[in-house]
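The same subunit A turns up in both complexes below, where it pairs with subunit B and then with subunit C.
Now for the complex of A and B:
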């Protein structure tokens, strides 16, 4: 019994370790004073008002939505093609391709950011939002490839052969069989991509301008200049948004399916 | 059924290698109109590769594939118009049974009403009415197998290709489906190529059997021919588990086998001193006391199988001999016995 009690205590400690920082931020966000005092003296929503009405945050939020949406939509087809090529077809130098495509995960953000900055400057695109979109697509690509690759590996090649033998040309096989069966992997890929892209900061800092900067960069700039709890309020909104995204994904798709824990045999509730 | 004459599928000198492994080592084959031809062999013998080459899933390294006399070697699978049933059934999990069967009809732009009627007919043919709206995952293995067959037949394929379609079923169901498969094939009359490693399936279903080994066809003939008159030691062993004995001709009909002189009647005279490879089926080997045409043996193992038992014997020099006896034999492992080899029970193997 003591071993069991110790186990429970350890789990509680771990959960506390993971959640306490977020909880402190949430509590601080309701602080009525401009000084980050803990515990707060009273309750106020003034920092939420400040966060939501601060023009640079509004602009950055719109930028974030555009960059995340565009980057994800760009990464999904590229990542799906890459996953199919890597898992299915005998690509020459497969290990090299895999390493290159997955490298954004292991290359330090500062190094990647500097690289993209130099490249963008050389191309004269420093002020363009497209640089930021391309950078985000590249950064989320490893997550897309990994998620889709799981679904591809679960896909029985005989299904595509069966479709071909029934008279479906390759494009039809892809549309009627391959793509529908990759849906769980694509959903997981999209979720990962959105979360990673929406939270991306280091690399974005290098290739943002005041006009194109996304929310995390704007938040960083704000923290450098001000120390009031606006940041805590915004962080709370961030946490809530992420929770909502995961919750919606869970309700719509089921997390077990999203993470490929369940086989593909029961895919899709309806046609 | 056999010998209707017209060749539907022809393979000419087909070779296929995967790296070092040669899956097809110059395969020539002609499948006649309406017949059910089985490719029989152990795993890795090239039978599935042969099927995949006919289907167009695998491109041969050399040789030609002809369907109705037309070279289709360069034609992709989706333009060949063949029906394929896979070992895993490969039913589309995201579609209903009806949509699975209608898949090929939609690709052929068959009208909605006609397609529905043909799907219904196909389901009736495989005796599966009433499951049209279910998902494949909601069906039993035997039902999935029927859906796969219906899906392949509904497009009225020129040739039906079956890749170990019964392998995933349990024994009882497999025997039922074997009989039914034969009935259905007879009823629709579609030229069929069937792949299996199960000799009972091959003998029971086929008009002709091609026994494959190491990427080659060792023998092609009716079930009776490959069972009764195997032309190679491999065929004799694989189809019917015959034993292969090597002996030296000792003049006349006599052959010296493992220290015993055995009278052997072959369809050719033997030269004294020549080495011969003789094949004998387990059901022809009898156990008993010493006597004419017997060879001393030691029992290496007994397997009781209900209606008969398999007795594994070891002859002088370690040669193995399999005997099949009715019921439970009166011998056990380690016993010294004599095996009687009837003189007209031998075949010569290459």
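Now for the complex of A and C:
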């Protein structure tokens, strides 16, 4: 049993390594002075006020909302169609499937960013917000496909055949049977897309200007130039929002299914 | 539907092809790649390879226990907690996570035994932290498909826990170890935010050179040559990964 206790202690320690930096940021964000002290000498919300009133952050926040919303709305229908095609016509498209899933990992952010920058320059769209939106839609697509595909795999095709055999036209089958049954997958896909898009940085750095830049890019510029806890305050808002979003995603879909963690260990009979 | 699929593939392909296109517009192709071989750039490539290798090994060691706990957790609540703690950093953006390490490594109230901020060692810590969630998820997925009954069988035949691990669990989870390591290596090889902020301009990895050349010196062709180097290495690694895993899937 001591080995087991040591194992648990090790896991807790490693999880602490993962978690503690975020906690430090949260503590620091309430620091009343510009020079950070630990433990903080009192509590203050002045850095939150600073973060929320800094004009470049305000502009970037609006940009982030526009780009994330538009990118997600663009990626959802394309990703859903792709997921349906891939799961239903699996064998022929398997190579594409694997490639699409791996693409955000395979293509280095700087290579993709520079590629988009060069393309945008070639098209004369250098300062256009649409480039940023298209880039975000492409980057979140694999996450959308993966989430929706889980729901498609669980969808019994017999239900669609039943509707069709009762006289529903294909478009009606899709709207009344397929789409409602895919709803949990679509919700999770939208959530993933929003999280990924809202946090995307490297590619956006290459294709945005001071006017169109999104929050992570503005935050990067701020960190490079200033050291006060304004960044800690804004980061805390990001951390809390992400944590809530992950929690909601787990509730909605069961994240262990999305990440393929359901194996023998959770199968009923082997318990 | 198939059109949409093709569209997705086309998008992906287009990402890959813009870069060589830029070399044509820049002219003189070989010169850009010769420039990559300049001493200060070779040092960046060497540093990148070294940091990526160290990150991969440390990440693997640090992630395996967590992945094992995640895959073997009996109660759904513990599993959700572990998964949540792993995924929250996974989805927290690179900037926020790197900034957090700037605070941890560069503050005035903890004196680290060695200087970490703006040093390769600090970048290494940040990279391991950045790679861990991915590695944990890949390893846990592999471990979840290792039949626990096999471990119990080995134990009931008299194997001690350490032996069960070395002879049963670890070999069976090898696909996860291999793919996780390759993905983390590939990812670290093109890391940008972590070396940019934790390295403070003193630690240059390939991605930082790409950014410096493209956005500061406006040398797009030279920058593209570097991006190609990073892309080629990652593609080679992923192709190797595909080849390694293909026979297992076939059987």
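In the analysis below, the second predicted complex is superposed on the first by the 226 of 271 C-alpha atoms of A that agree within 3 Å, B and C clash if a C-alpha of one lies under 4 Å from a C-alpha of the other, contacts with A are read in each partner's own complex, and residues count from 1 in each chain.
What we mean here is this: a contact is a pair of C-beta atoms (placed from the backbone, for glycine too) under 8 Å apart; a residue touches a chain by one contact, two chains touch by 3 or more.
Just so you know, these numbers come straight off a predicted model, no measurement behind them.
K.L.:
Tell me which touches more residues of subunit A here: subunit C or subunit B.
P.N.:
Of the two chains, more subunit A residues are contacted by C.
K.L.:
Is A:111 touching anything from subunit B or subunit C once the two structures are fitted on A? First, second, both or neither.
P.N.:
Touch partner of A:111: subunit C, not subunit B.
K.L.:
With both complexes superposed on chain A, which partner does A:169 reach: first (subunit B), second (subunit C), both or neither?
P.N.:
A:169 sits against subunit B, while subunit C stays out of touch.
K.L.:
Where does A:156 make contact in the superposed view: on subunit B (first), on subunit C (second), on both, or on neither?
P.N.:
First partner only.
K.L.:
For A:182, is the partner it touches subunit B (first), subunit C (second), both, or none of the two (neither)?
P.N.:
Touch partners of A:182: none, neither subunit B nor subunit C.
K.L.:
Quick check on the output: what are the common subunit A residues between the subunit B footprint and the subunit C footprint?
P.N.:
Subunit A residues touching both partners: 264-266.
K.L.:
Any idea which subunit C residues touch subunit A in the complex?
P.N.:
Interface residues on subunit C, with respect to subunit A: 1-2, 4-5, 7-9, 11-12, 14-19, 21-22, 25, 62-63, 65-66, 69-72, 79-80, 82-89, 91-97, 99-104, 107-110, 129, 132-133, 137, 140-141, 143-149, 161, 183, 186-187, 189-190, 192-193, 197, 206-207, 210-211, 214-215, 220, 223-224, 227-228, 230-231, 234-235, 238, 242.
K.L.:
Quick check on the complex: what are the subunit B residues that touch subunit A?
P.N.:
55-57, 76-84, 86-88, 90-96, 99, 103-104, 107-108, 135-137, 151-152, 155, 161
K.L.:
Taking the touch rule as given, give the residues of subunit A at its contact with subunit C in the complex, in rising order.
P.N.:
Going through subunit A, the ones touching subunit C are 3, 7-8, 10-11, 14-15, 17-22, 24-25, 28, 35-38, 78-79, 81-82, 84-86, 89, 93, 96, 98-100, 102-103, 105-112, 114-119, 122, 138, 141, 145, 195-196, 198-202, 205-206, 216, 219-220, 223-224, 231-232, 235, 238-239, 242-243, 245-247, 250, 255-256, 259-266, 270.
K.L.:
What residues of subunit A sit close enough to touch subunit B in their complex?
P.N.:
Counting only subunit A, the residues touching subunit B are 156, 158-159, 161-170, 172-173, 176-177, 180-181, 264-268, 271.
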